[in-house]
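Should a chain be cited, it is by its letter among A, B, C and D, assigned in written order, with residues numbered from 1 in that chain.
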Amino acid sequence: MYKHETKVRVRYGETDQMGYLYYGNYALYYEVGRAEAIRDLGITYRDLEEVHFVKMPVLYLESKFLAPAHYDEEITVETSITELPTKMIRFDHKVYNPSGKLLNKGVVKLFFVDMKTNKRVSTPPYVGDKIAPYFE
Amino acid sequence: MYKHETKVRVRYGETDQMGYLYYGNYALYYEVGRAEAIRDLGITYRDLEEVHFVKMPVLYLESKFLAPAHYDEEITVETSITELPTKMIRFDHKVYNPSGKLLNKGVVKLFFVDMKTNKRVSTPPYVGDKIAPYFE
Amino acid sequence: MYKHETKVRVRYGETDQMGYLYYGNYALYYEVGRAEAIRDLGITYRDLEEVHFVKMPVLYLESKFLAPAHYDEEITVETSITELPTKMIRFDHKVYNPSGKLLNKGVVKLFFVDMKTNKRVSTPPYVGDKIAPYFE
Amino acid sequence: MYKHETKVRVRYGETDQMGYLYYGNYALYYEVGRAEAIRDLGITYRDLEEVHFVKMPVLYLESKFLAPAHYDEEITVETSITELPTKMIRFDHKVYNPSGKLLNKGVVKLFFVDMKTNKRVSTPPYVGDKIAPYFE
């Protein structure tokens, strides 16, 4: 498996009047988590779209909210790839506050679409080749 | 069970560069769906907080993305309460585009917190009494 | 001049921990205001892009915050076109709460870009022809 | 005057279908810019609210859009305080892309509200004392 950590600071505009990071905004943090996780592998989602003409729509999202995140906290987003991507890619996220408390667990599954044909494709080599070594 | 439908039009700022409603923004549409569903029962979430001092943090979110929603489409959010709320309340959402195509299925579970004690409580009567008749 | 009113209800996810509609979210309300204002004239921004291949990037935004908008309030967005669009189009917005209190005044100026050449163009006839009668 | 720079990477969910950072999201970047600018001075907005019971609602926002920001670009937000804050505080922002191109110029003015009395107050010493040395 492959694991990566990145930091995100909670913005005021991302809180709600409960004083919590709004539940819908975790999706943005997962996005940052997976973008930085694959960047660390030498893959950028931007190049996937612009150079390889493949986009990755989301298929599935699951989120368990254990404790709230608050304004200005520097949150750690831990992103894992626990299975070799084939027809889709799955990211597992754990979100921690600065004291190391687990706030949220998320799963996001995405698939691959060839932007020229608009058809679904398997994991392109640009992505798969960088991830495969972690599953040997 | 109780079922309710409301309409939401996709805003430009809610799309992403793929030309799709961003996956994180479905949470906002579910929020609109459940707010309007309970309003139709005579409950407002605003009064729950301001009059009854109870807030409803989200515990669980699940979302299955079947097909994309696009800019300016008037989306139908169907919200169902399929079980009598006890320690938590569960909303099931189905999201349709104007042609009636099912785009997304969501589940959101929330719990109740007494804002004075900051302790978790069971479904308050203000909410439970309006929903109970649908489960007799 | 041309004037139009539309209603937008403040979502929980649009508030911040101050309990106010976050200042950045007025831009979304202005967007709804201008989309509905031109729809009422027989123009949709979606058709402008998809049929006429013209997009409208924003050039200028100004916003004066007089009083806060709160969760669940049904806000009135009044949108005016006070001058005939030429090289750009200007929308003036006034935002009112349900008691009729003026909360916010906004100005948004946008220009027109031919999506085939990616060059700036003057107001296309699809837009100008519908607005011109209000300035005769 | 006081000047500070911070970096923000454009998220996918912050773009729109034009492929640009949505115009409403610059307000979030200005927020990050001013939070980091004052943090560098030894002030956190979180402490201002939690310790000093003062909040800072926005009074005025102006934004000039010169060129678009795109997905995944690491944007520089330059934040300046050009006048000693008295009844309000003014932040000037310049937003640059990684090639150093100026994309956007913004002004945000905020005022101070005592959270106990809900009355407007002058710049509290917690803020003013840290900024004053830059205007001597």
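Simple rule for what comes next: contacts are C-beta pairs under 8 Å (C-beta built on N, C-alpha and C of every residue); 3 or more make two chains touch, one makes a residue touch a chain.
This one's a predicted model, so the numbers in the text were calculated from it and none came from an experiment.
S.K.: Since chain B and chain D are copies that touch, is their contact same (over half of the numbers shared) or different (under half)?
M.R.: Mostly same residues: over half of the interface numbers shared.
S.K.: Matching residue numbers in more than half of the contact pairs is the bar here; say which of B-D, B-C or A-C clears it relative to A-D.
M.R.: More than half of the contact pairs of A-D reappear in B-C.
S.K.: Could you grab the centroid distance between chain B and chain D? Build each centroid from C-alpha atoms only and quote it in angstrom.
M.R.: 33
S.K.: On a C-alpha centroid basis, what's the spacing between chain C and chain D, in Å?
M.R.: For chain C versus chain D, the centre distance works out to 24 Å.
S.K.: Where in chain C do residues touch two or more of the other chains?
M.R.: Chain C, residues with two or more chain partners: 12-13, 18, 20, 22-25, 27-28, 31, 71.
S.K.: Which positions of chain D touch chain B when the two form their complex?
M.R.: Contact set of chain D toward chain B: 12-13, 15-19, 22-25, 71.
S.K.: Which stretch or stretches of chain D touch chain C in the complex?
M.R.: Residues 18, 20, 22-28, 31, 55, 57-65, 68 of chain D touch chain C in their complex.
S.K.: Taking the complex as given, what residues does chain D use to touch chain A?
M.R.: Chain D residues touching chain A: 9, 11-14, 27-28, 31-32, 35, 44-46, 71-72.
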